[in-house]
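Each of the next two complexes has subunit A plus one more chain, namely subunit B in the first and subunit C in the second.
Entry: the complex of A and B
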């Protein structure tokens, strides 16, 4: 650690804990608390990266998160801010986009052709011809800057975790410098809950390197923050944006369990206290390693005890430059020359390629040195204020853009350097006053919100708006306007945009700051203008011979700081629905079928065998996802008559009826059976996927059209495990587990319902219905007992050959029987007549949903029909969705369902056909996906198995 | 409930060891952690619908957004019942395991009993549905409970906005969930009530989100083992 200084009073490194890490394969030591850059700088490393376009060597500029010269690769994580990320033991750090090495990078040859890479080079060069785009892409990829993701799979494993958090502080303070800390403490003292967000690893802002004068003040402020009740501090965290109603997003980094967290805060008051950002100076060679800002010197010396160089020249225009000079002298750096910009001093050129060797002053003198320090002004990071509605204006006296706090909404306040200057006492006093106002306004907002919330226990007092006093104004110190020397240099260090590029852009007509920005990409790099915006505007103003006020600034938009897509996406959360029988399905090798949110058993390895078991013996299927709605009230029949096509007024207790619902346009919405369980008690079933839609549909009619109807709807889909027992021996099996229900066909016929005890479980609902076309019983069992009943049925039916069947077998069975599936055999245009449901449409009913459209359809008669098809070649199974070709070669319809039938040993097909093709015996042509065509004949009905329904009614 | 009653299973797989409490297979795990998650699905869960401003609403005495713990006539054996104002004209009554039928009958007969006292029969439509098997219920307890929920729920759960006795329906981990603040001896505690089919998903999501906060699974316990002063499980 050749450049490591003796122990410094304010250093943040822990010399008792020594770590090692690698940089480009070589091992380096570090102390706990070191950043990657500070540890390397302490070992004499001066080059950390190569620049974006010209691959010029880059060193430390700000020694902070914003440092554009310290983007590094850490393990498989690209684009890590090396001047901010703390060293961890064993960390593998390497430079990005350099070949063969950081020291010798062949792409640095770009510098030689730099004059041929002007502003807009990419736009001009890669416009055409279009056929060369693939080649262009390969070239551009090769030159794309940034790190790499060597192992994509690591992002899919648990190595990378991102999450989110919602918080609701009364006051959110963005910035933990002296004003921000004072605001937080004052707000907390006024009873507010406070979230204090600080980008650095510790609170304090510029006080951290303020030396003896402010050390006690910093200690006291930190102590007050620590002991104040109700303050939560997030360090290494940045406010990304402020949105309507103070929805504030914060990215939190450096967490032990997640890579990054997005904190979504709904703050009643927002206090913006980001301080000031030091601005680089533009001159020839201003990006040579060894040129840095005065705050970088203070950070390196005071926080990390690193000597920034051996022999320095300082360009100072303010007290911070003077303080940096003092700091350098204090630690033994030979300050060869101080150029005072307040007295007209200037630096025009740095000599050296990979390190500073000398500097040329404004008067032509040359001074040998290895360190050039500039202190030429500040940028007020007004992003959050502009997001809240303020329009920053240039203040020539202070040489920076400032936002007028009067333009802000009541729930946004500002304090600290972003507002003005002043002594530490003035900043703290301003912060405290701002914090108190923020707390009072937050309390008023809270009272309003609680008054509107049903969860509030009691109101916390009368809704009286408390008048608040505005914080006092902060003085604004004068500062010389210093942006560029008489030479050209780098303006945007991230994008390698020079002041010459900006002048060229203006000469080409891009005089607007917004256009010049986009043309040159200045301010569009990872630093996002925080260092360079004011310089960019000043240079455009100079080139256009306008004032900076006239030129105006570009627009600040969220996010203020970079955030990973992982943090924005958050953890993977996609609700999954499981049946009570899922563990059994898993244990019996069921192939899962994702049906909406439900996980269902598609089959257990042999769907054809499962079909045969049902046709010949008995099978069980888990149909829990079927939607179930408990309907209660005297007006249920009116509701059923309204939403179903058929009549419901005379459904007797114990009876079940099939119904189809259509929307107002007559298009089939859903179907299912509904049972009358008691005098005013009904149980409606829906399709599995339609459960939520139907519930909303019913509630919509009740709440908007018929609020006078006395009906209550309770969704009970998952209250029951639903098991369909199907097959000619199903009655025999059910009889073995049901004691208190007479299963005799005369006592419990088809389309009836009973309640009883199944396998010892009371309050089960038994339906005699059948989607499969077989004699079947659908057992709705209190869900917690579902597995018990399922296993009891399988055990009881062992000698009957009872076996489970899955959704695939069910689909085959229902297709053999010609039962339609809404949404598969119908589509968004299928009105009832097109689904073979004409017989259900009771146009003589008083009214029902879809009636006018269905009446119109009834008169038309030329609508598409759902038909059964029998392929001429019985082994051919046209893929669902295959087109049916009309006589004129056009589209005459499509196959909606198709399977090979194990029962018939031939294919079974349903199709939607034009009316002209849809009559029984009609021969149609189906276009197969492989381009061949097959013929099929329209069958007399939809059912291919048991069209008379003898098995179903048995 | 006799010995032949089959054991019921919650939607949430019990963390070992599995034991049977009140005819429900539950986790017998005991946690001493400061933040615990317990599958409380065995509790009786009864949904009530009625006029939000009607007689039943008066009889229940709980408005939308609030809860009330009652030991009066709601349960004939006098155990605690937590009545939750879960929606406008919508309540959820939570009672001891196995008490769902009794609780259902008591709620159905509430207006009739009041009518007998007042001499005026009620014509109000009241719907009472036993949802004990249809919903999953879990309890999250500990000082950091609100912070954990804040990882998965956007609603303001601070004490000021959501004090003890609050009830709201919102999305937790993207799932429609009733969040019920029901503190336990001064410690923050929330009951989370959702569709049974997604119970395991919600439980797993909370455990995943709470890793950093040290959330731990605590089994479903009997009153004698947990707190003599309480008269029912997990209340």
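Entry: the complex of A and C
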């Protein structure tokens, strides 16, 4: 650690803990608390990356999160901010996008051919011809920045975890410098809960490298934050954006168990206190390793005890530049020359390629050195304020854009450097006053929210009343306007855009800042303008002979800082619903099927055998996921008449009816059966996937069109385990477990419902329906007893050959019977007529959902039809989705369902066909996936097995 | 992410709600012309400025509600009447 200084009073490294890590394969030491860049710099490393376009060597510029020259690959994580990320033991760090190595990068030849990479080169170079685009893309990929993304398997190994959290602080303070800390403490003292968010690894802001003068003040402020009740501090965390009603997103990094966490805060008031960001200076060679900002020097020296160079030249326009000079002298750097910009001093050129060798001053003198420090001005990071509605204006006296806090809504306040300058006492006083106002306004918001919540506690909590003290004004110090020397240099270090590029763009007509930005990509790299926007504006202003005020700034949009897609997506949260019988299915080798939110048994190894069992004996299927809605009230028949196509007024107690629902555009929405259990008590079933939709659909009608109707709806899908017992011997089986229901066909006919006791379980609902086309009983059993009833049925039916069947067998059975599945045999354009449901549409009813559309469809007659197809070759099963070819070679329809039928020993097919093809007996052509074509004949009806329905009614 | 004033639950995050948009009165289904009916299905005024909207508190009390929202500022206020009484 040749460049490591002796112990510094404010250093953040722990010299008792030495770690090792690798950089491009070589092992380096570090102290705990070192960033990757500080540890490497302490060992004399000066080059951390190659620049984006010209592959010029880049060193430290800001020594902070924003440092554009320190993007590195850590393990399988690309684009890590090397001047921010702390070293961990054994970390494997590599430089990104260099070949063959960081030291010798052949792409650096780009800088020799710079004239081929001019401003807007993306738009000029790769225009055409179109057929060359694949080649262009390969070239661009080679030169594109960015590290290597991990392969998918590491995500599957759960190495990458992300998290989200919701918080509801009274006051959120963005920025933990002196003003932010003071605001947090004052808000907490006024009774507010506070979330204090700081981008760095510790609170303190610029006080951290402020030396002897501020050390005790920093200690005291940190102590007050620590002891104040109700302040939560998030370090290594950044506010990304401010949205409506102070919805504030924060990315939290550096966590032990997750890669990143997105914190979603609803803050009653927001205090914006991001301080100031030091601005680079534009001159020839300003990106040579060894040129850095004054704050970088002070971070390196004070926080990491790293000597930034041996012989320095400083260009200083402000007290911080002077303080950096002092710091350099204090630690033994030979300060060869200080050029004072306040007295007209300037730096115009750096000599050297891989490192600074000398600097040329404004008056032409040349000074040998290996370190050039600039302190030429500050940028106010106004992003959050502009997101809240402020329009920043250029203040020529202070040489920065500033936002007027008066333009902010009540619930957003600003304090600290983003507002103005001033002594430490002034900043703290402003922060405290701002914090008190924030707490008071948060309390008012809270009272407003409680007043608007009928169910909330009306009494306010113990909120301390505080005075309405408007924050004192912060002075704004004058600062010389310094953006560019008389030479051209790099403006956007991330994107390798020079001031000459901007001048070229203006000469080519891109005079608007927004256009020149997009044309040159200046401010569009990883730093996103935080360092370079004001320089870009100033150079465009100069080139267009306008003032900076006239040029105006570009728009700031969220996110303020980068956030991983993983954090935005959050942890994987896909709840799975299981029927009470699922343990039995698992134990009996069921192949699981994911059906919407449910796991269901697809089959138990032999779907064809399961089909035959149902057709010949008796089978049981778990149909728990079927949507079930309990409807109560005298107006249920009116509701049913409104949502179903058919008539429901005269459904007698004990009866079940099939119904289809259409949306108001006439498209089939759902189907199911509904039973009348009592005088004003009904049980409706829906498709499994439609359960939630139908519930909301019914509520919508009741709440918006008919609030006077007396109907109460309770979803009971998971309150029951549902078992369908199907097959010619189903009555025999059910009779063995049901004591109090007369199962005689005359007493309990098809499409009727009974309630009774099944296998000792009371309050079961039994209905005779038949999706499979067989005699069948659907039993809805209180869910907790579902497994018992299922096992009792199987035990009782052993001699009948009773066996479980899965979803696949059910699909075959219903297809043989020609029963449609909404959403499979229909799509988002299928009105009732296209689902073979003309018979159900009762146009003599005055009103039902979708009625006008269905009436018009009925008049037109040219809509597609759902038909059965019988393939000429009975062994051919065209895959679902295969197209039916019309006579003119166009598309005449599509296969919606197809299976081999174990009952008929031939394929069974349903298809949507154009009206012209959909006549019984007409022959159609199906295009198979393999390109061959087969013929099929339209069948007379949809049902291929038992079209007369004798089995159902038996 | 704005707050929606639910008359039953108080101000809640918009993510808890389904947006149902500008209410359109349902024409008489026995007398409506295709133009009227499809206007009800598909056409809305979509004003830039204050307007009445219907929201559904799907992740909350499951009630439909009306609010006034200014589409240019996202300023949201409770509506004077309840759903069903708006016309």
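Convention: the second predicted complex is superposed on the first by the 812 of 954 C-alpha atoms of A that agree within 3 Å, B and C clash if a C-alpha of one lies under 4 Å from a C-alpha of the other, contacts with A are read in each partner's own complex, and residues count from 1 in each chain.
Criterion: contacts are C-beta pairs under 8 Å (C-beta built on N, C-alpha and C of every residue); 3 or more make two chains touch, one makes a residue touch a chain.
From a predicted model like this one, the values you see are computed outputs, not experimental measurements.
S.K.: With both complexes overlaid on chain A, does A:665 touch subunit B (first), subunit C (second), both or neither?
M.R.: Only subunit C is touched by A:665; subunit B is not.
S.K.: Scan A:704 for contacts with subunit B and subunit C and give back first, second, both or neither.
M.R.: second
S.K.: A:266 in the overlay: touching subunit B, subunit C, both, or neither? Say first, second, both or neither.
M.R.: A:266: touches subunit B and subunit C.
S.K.: Now for A:453: first (subunit B), second (subunit C), both, or neither, which partner does it touch?
M.R.: Touch partners of A:453: subunit B and subunit C.
S.K.: For A:761, using the defined touch cut-off, is the partner it touches subunit B, subunit C, both, or neither? Pick first, second, both or neither.
M.R.: first
S.K.: Quick check on the superposed pair: does A:904 touch subunit B, subunit C, both, or neither? Answer first, second, both or neither.
M.R.: neither
S.K.: Report for A:103: first if it touches subunit B alone, second if subunit C alone, otherwise both or neither.
M.R.: Neither partner.
S.K.: With the two complexes superposed on chain A, say which partner A:856 touches: subunit B (first), subunit C (second), both, or neither.
M.R.: second
S.K.: Regarding the shared-chain residue A:716, is it in contact with subunit B (first), subunit C (second), both, or neither?
M.R.: So A:716 only meets subunit B here.
S.K.: Between subunit C and subunit B, which one touches more residues of subunit A when both complexes sit on the common chain A?
M.R.: B
S.K.: Pick out the shared contact residues on subunit A: the ones touching subunit B in one complex and subunit C in the other.
M.R.: Looking at subunit A, the two contact sets intersect at 264, 266, 449-450, 453-456.
S.K.: Which residues of subunit A touch subunit C in their complex?
M.R.: Listed in rising order, the residues of subunit A that touch subunit C are 243-245, 247, 264, 266, 449-450, 452-456, 664-665, 696, 699-700, 703-707, 846-848, 851-853, 856.
S.K.: Spell out the residues on subunit A that touch subunit B in their complex, using ranges where they run on.
M.R.: Touching subunit B from subunit A are residues 163-168, 193, 255-258, 264, 266, 446, 449-450, 453-457, 460, 571, 573-580, 583, 597-598, 624-625, 630, 632-634, 710, 712, 714, 716-720, 759-761, 782-788.
S.K.: Which positions of subunit C touch subunit A when the two form their complex?
M.R.: Listed in rising order, the residues of subunit C that touch subunit A are 1-3, 5, 7-11, 13-14, 23, 26, 29-30, 32, 34, 37, 40-41, 54, 56, 58, 62-64, 74, 78, 82-85.
S.K.: Which part of subunit B faces subunit A closely enough to touch in the complex?
M.R.: 4-11, 13, 24, 41, 47, 49, 63-66, 85, 125, 127, 129-135, 147, 150-158, 160-168, 173-175, 181, 195-198, 200-202, 205, 208-209, 211-212
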